[in-house]
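Structure below; questions to follow.
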Amino acid sequence: MTSGGEKMFEAQIKVTLKKTVADPQGLTVKHALDSLNFSGLEDIRMGKFITLQLKAKDEAEAKEQVESMCQKLLANPIIEDYSFEVKKI
Amino acid sequence: MTSGGEKMFEAQIKVTLKKTVADPQGLTVKHALDSLNFSGLEDIRMGKFITLQLKAKDEAEAKEQVESMCQKLLANPIIEDYSFEVKKI
Amino acid sequence: MTSGGEKMFEAQIKVTLKKTVADPQGLTVKHALDSLNFSGLEDIRMGKFITLQLKAKDEAEAKEQVESMCQKLLANPIIEDYSFEVKKI
Amino acid sequence: MTSGGEKMFEAQIKVTLKKTVADPQGLTVKHALDSLNFSGLEDIRMGKFITLQLKAKDEAEAKEQVESMCQKLLANPIIEDYSFEVKKI
């Protein structure tokens, strides 16, 4: 239930490091998998998969909000790529 | 280039906390978004999006390896859900 | 080299979940350590150790800046504790 | 209460990226702090502060266990430094 004709939306956001950027977190996880004898592993990169719910008056406004969250805080556009899907719930 | 007829595969893995599990990391990111005045945000949950490349003799073996990595290290099946896709590259 | 009589400071910040808050990230790392047969482990909790450098006109201003970063973004004071040290460099 | 004369120990572990390793996670947090207008920030690096409890027969064995956890899983010694303190609780 939302006020003023607002609706609820859910967004699923993927954030990944650009291919040219080294991923130390991935190297640490690779090292841990090596400790467990996963021998065929060549490369591993750690990204984020974020799910959020937000109120907005329509889908366009919801997308604009999510875009702004990605630009300002959830990702660093200089070194990370992001993509998202928004749907009404 | 791989030895013994092995091929390269890429896996994309999503790991998310089960809905019944509290997500303090999500609360901290929500708090940061509040600081930036994103007022419509209701809920946010932080998951992982992992990309890896591995050698295996066929797709079945590659999937088995990824399943085992998820079970043992990338996820905690008691509190997290995971899903993945594997393709030959 | 800083302008206007400003000096450089380094801060070391610890952020930990309050004891009453469940730590799913810690459970996942515990699960991974179990996979490696670390049998004596009873509990593990994941916190952050952040190092930053900033410009400020004196130590009091540097501390105020770091305090504000912790309050707004680096920690969520409702569920996390933080502490820090600041020194001139 | 532990069996067989074992005692409980607590370890506090710091894991930080070596200075020569780029820290994309730090850059993303710096970007978020820039969004909040923290203008004096020069550099920020994200490390881990891990607290764990374990059973061992004496302090030497507890330290050995923690050292091994760091070497195999909690850190990647090639790109990260770690240090820890262990005490009886």
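To keep things simple, chains are lettered A, B, C and D as they appear, and every chain counts its residues starting from 1.
The working rule: contacts are C-beta pairs under 8 Å (C-beta built on N, C-alpha and C of every residue); 3 or more make two chains touch, one makes a residue touch a chain.
For clarity, every value in this text was computed on a predicted model and none was experimentally measured.
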item	value
Chain C against chain B, contact positions shared by both copies (same if over half, else different)	same
Pair sharing more residue contacts (C-beta pairs) when B-D is set against A-D	A-D
Chain C and chain D, separation of their C-alpha mean positions in angstrom	11
Where chain A and chain D are represented by their mean Cα positions, the distance between them in whole Å	25
Shared interface positions of chain C, touching two or more other chains	32, 35-36, 72-73
Residues of chain C defined as touching chain D within the complex	6, 8, 14-16, 29, 32-33, 36, 38, 40-56, 65, 68-69, 72-74
Partner chain A, residues of chain D touching it in the complex	17, 21-25, 27-28, 30-32, 35, 72-73, 75-80
Chain A contact footprint on chain C (complex, rising order)	32, 35-36
